[in-house]
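Chain lettering (A, B, C and D) follows the sequence in which the chains are written, and residue indices restart at 1 in each chain.
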Amino acid sequence: MSTDPLDVATVRKDFPILGREVRGHRLVYLDSANTSQKPQAVLDAITTYYERSNANVHRGTYLIAEEATAALEGARAKVARFIGADRARQVVFTKNATEALNLVAKAWGRAHLREGDPVVITELEHHANIVPWHQLRAEVGIELRWIPVGPDGHLDLTDLDRLLDGAKVLSFAAMSNVLGTLTPVERLVAAARRVGALAVIDASQYVPHMATDVAAWGADLVAFTGHKMCGPTGIGVLWGTEEVLDATPPFLSGGEMILNVTKEGFTANELPWKFEAGTPPIAEAVGLGAAVDYLSGLGMEAIREHEVALTGYALRTLADRFGDEVVVHGPSEPAERGGVLSFSVGDIHPHDLTQVFDERGVCVRAGHHCAKPLMKVLGASATARASLYVYNDTDDVDALAEAIAAASDFFAP
Amino acid sequence: MPGLEDLYREIILDHYRSPRNRGELEVPPATRTEGFNPLCGDEVVVYVQMDGDQLDEIRIAGQGCSISQSSASMMSAAVKGRTRAEIEELTRAFKAMMSIHESTLEGGEEVEVEAPTADLGDLAALQGVVKFPVRIKCATLSWNTLAEALGGDRDDRAEAE
Amino acid sequence: MSTDPLDVATVRKDFPILGREVRGHRLVYLDSANTSQKPQAVLDAITTYYERSNANVHRGTYLIAEEATAALEGARAKVARFIGADRARQVVFTKNATEALNLVAKAWGRAHLREGDPVVITELEHHANIVPWHQLRAEVGIELRWIPVGPDGHLDLTDLDRLLDGAKVLSFAAMSNVLGTLTPVERLVAAARRVGALAVIDASQYVPHMATDVAAWGADLVAFTGHKMCGPTGIGVLWGTEEVLDATPPFLSGGEMILNVTKEGFTANELPWKFEAGTPPIAEAVGLGAAVDYLSGLGMEAIREHEVALTGYALRTLADRFGDEVVVHGPSEPAERGGVLSFSVGDIHPHDLTQVFDERGVCVRAGHHCAKPLMKVLGASATARASLYVYNDTDDVDALAEAIAAASDFFAP
Amino acid sequence: MPGLEDLYREIILDHYRSPRNRGELEVPPATRTEGFNPLCGDEVVVYVQMDGDQLDEIRIAGQGCSISQSSASMMSAAVKGRTRAEIEELTRAFKAMMSIHESTLEGGEEVEVEAPTADLGDLAALQGVVKFPVRIKCATLSWNTLAEALGGDRDDRAEAE
């Protein structure tokens, strides 16, 4: 990995937490698909905001309120540029990707879907792109259809035409948070277009890791979340075309999202504020703005190259060292996936596995990863999942391999 | 640092204290359009009576700060008797004057704005507003409301971005 | 004010932003009803969380994930104690008070209200406690009734019995964000109880300023927001009795709030997580926990005493200096109100007034304060509003008086 | 620092590798109750057949980690043939052993817990779990599911707070 397009040693210095020792070991953080660590620049941006310009936005006629408003709207413009949006007003700040997807299913969905209307999702969705549709099914009786996942971890599109027949919505993840699978976004959007279905993309795992161009995707709505892309908790994004956002009624309501309120009713504000009820996550937006600056500084192409190379290294290392004892789920080609490695080690339960890892400072998540329908397809109730990001290197992968060996020894019958 | 005198030119205070075309028109034949500044509650009501392509009569009601009310007053004087095309031209020129700063509110990037071609007259006194970003919406409120009254697509790009 | 129960000079040192100069003046921050400033302890708690323990919660079997979970749940327990809740599970974290009130109107409301059901609110509500009900009216046809505000700024309860006749919900602010009015919480809750109506309190302006005991109030649901009580943006709270929360269906849905998800449906998680869909505002909860520690350290009784005294000083100062030229809305007795002073100066428009204030570093909000129906009652489209908190002192009030004098001069015809 | 040996006592691994009372019962006469650990996906299914006040037969199905499965296995052995009252007593004792640490998860405050009165036998081996807070839910999952099966109010206070 001498040709790593990222200078990981330098990158690591940007992340204060990576200097921490746990249980006498250096922290080996391999859970970025769950949440990413935060660089100093993001923490500084948040602190500086609070120490210099904290005020409520869009409201005050005094200097720090103007600064706060400029900070919030400036962050919106940064995010818009980062994802290739035409205009900042297409970027709605929510509290996380989950709220964004709820907005889609409930505000757009309630207004446009009727009993029997087919909504198509995939078997590899995160619960955030499943449960809101279940709620809508209980409420208005939509029909939920599932694009299956094949044994190679890719979507099985054999029956796509039939599944999409009459569909009103196609909503899918651009990258699986369990398998790392990259789904064929353009093809799926085109297929949705052909049947006139709303095309919704859950890009929560994609935006942090790959250059994103929502305009090129051509979808209607795209959701993602701040904390997985070096940003703070408490903020997510819904991007949408103005046509679709305009045709979506308000969701949460209260201050900020109104033009007028009387005893008789209310008039909604313009985009994007129409969807931002109450005091927005201001410091969080500022932090997210700093995060996209940080990621842009590293370069999204370089990040992707780094992750493809490191994923390849990880797949080779585990195969060479453990052979059949370690099974990695999902696509075998690094170019077809993100750096998310769900794996099993013999018949050691993932919880027991990661407990041993923890002794060595190796942070890996065990569980269903909020994707229970996919776990069912995989025939497992849980997997261990190691996921890579800008600050991971071959040492981390080697530490993972050591930890697997240790667990294998410990639980050897 | 911009001073208060940049904002509150004498002519602005004059229009505020003695608003032109204040009042209402009978609806119909006139139309009535309400505009709100969601951020501060300012309201402008624009009554417009067209004669074919020409704006025959205009009246302004509502309440608001000196900037929103004087801007409405100046606007009413400027557009009365003009054709739709002339009014659109004026609106563009006025927005151009205003939006220079407003765009920097968002991303810190200067946006290319065509030089205004229409003669703004008194309205040029509102130029100082651009140094006070939050007040820009006060100044543009009546213009947006008029645009809506004339049925044109409200060009709210300057506000939203 | 030599007997001020707060040592404001020391308190001020806890707030980094107050050391800032604006336009050549010290920052005179009088907009805490809009959002409060943040003490160093809160900023430190957030930074330390990110630098040491950042991980996703309830998910990881490794040390920093345990720490993150303990930090989140520890913050919940702190908030519960701060408001006198019996149990931490009664405390639901939302993104702001607005989301909390939307949850009430939409999750509880949709499940329990039918066409024609009367919902009673008051004329002094913030839009956050109005617009969700408007939406529900449009959706299911509830009837919205309004308790009027009298000329003294207090609720006029003459017709309370008639208004509550058949009511299913009584939802009201414990303190007005425009007039500072303290509403008779116990009396209103008791009245709601008598007719079997759900008692909902918007305590957004109350919790930051006065010792709160939700158990003593006896209401069903109480909403408030973090950023007005020295906490960060991006977090709010809905407290509720377990009986009512259990009878409320999930609102937003996705990860965290489920026990199980299949292709056919889902099972909701226990309280409070049932209402916390997606990655919660973890760092924000940590910050809110530090904020309640900070406020408890000052003492809520001391804070209230300080504010009563300072409000009295402000009312006297403005009356003595400006006579009838300055009109302060709301109750004239400091003991009957919070430190929120909405006022007018002759016929100078509030926007113009606060513009002059800004020249002098005095931060006062002008506008409708997200309470347009109340503005209509006051017969104004806007007011200027100065609001006091722990870091304000008589110097700040004097600076306000100076600023009023300057504006009065500037706009003198 | 607690070591892995505190958690994975030999007896726990033994129950994990050779679970007691594994299987299903016919429903009815038995009842079937599912329990989920929402955080990791562990599932326990408890089949219970009562004979009046006495638990006549019990079977455990589902899948999960060594802690949840061994806890379920030990529980099944411990409750078989017992009366409701005895089982409640056992449950309280087991929860008491577990909740000591769980409560500190929340507020950092130690909670007074009555000393367990029932004899936990093998189950005492699970004591080490309290040093690993996230695993407590693994250990209590089967007990909560059994409580639900017996129709008692599930005492989930320990979990929720």
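Throughout what follows, a contact is a pair of C-beta atoms (placed from the backbone, for glycine too) under 8 Å apart; a residue touches a chain by one contact, two chains touch by 3 or more.
Computed from a predicted structure; not experimentally measured.
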item: Whole-Å separation of chain centres (CA-atom averages), subunit C against subunit D; value: 43
item: Distance between the centres, which are taken as Cα means, of subunit C and subunit B, whole angstrom; value: 35
item: Whole-Å separation of chain centres (CA-atom averages), subunit A against subunit C; value: 31
item: Subunit D: positions in contact with at least two other chains; value: 39-40, 135
item: Subunit C, residues touching no fewer than two other chains; value: 23, 59-61, 65, 258, 260, 351, 355, 366-367, 372
item: Chain contact graph, described as a line, ring, star, complete graph or other shape; value: other
item: Pairs of chains in contact (touch as defined earlier), listed by label; value: A-B, A-C, A-D, B-C, C-D
item: Residue ranges of subunit C touching subunit B (in the complex, touch as defined); value: 23, 349-352, 355-356, 359, 366-368, 372, 375, 381-382, 410-411, 413
item: Subunit B contact footprint on subunit A (complex, rising order); value: 58-61, 65-66, 69-70, 73-74, 76-78, 81, 87-89, 256, 258-260, 267, 269-273
item: Subunit A-touching residues of subunit B, taken from the complex the two chains share; value: 34, 36, 38-40, 105-109, 133-135, 156-157, 159-161
item: Residues of subunit A touching subunit C in the complex; value: 16-17, 20, 22-23, 27, 29, 31, 34-35, 37-38, 43, 46-47, 50-56, 59-65, 95-99, 101-102, 126-132, 134-135, 138, 144, 146, 225, 227, 232-236, 250, 252-258, 260-263, 265-266, 277-284, 351, 354-355, 357-358, 361-367, 370, 372-373, 376
item: Residue ranges of subunit B in contact with subunit C within the complex; value: 1, 3-4, 7-8, 13, 17, 39-43, 63-67, 69, 132, 135, 138
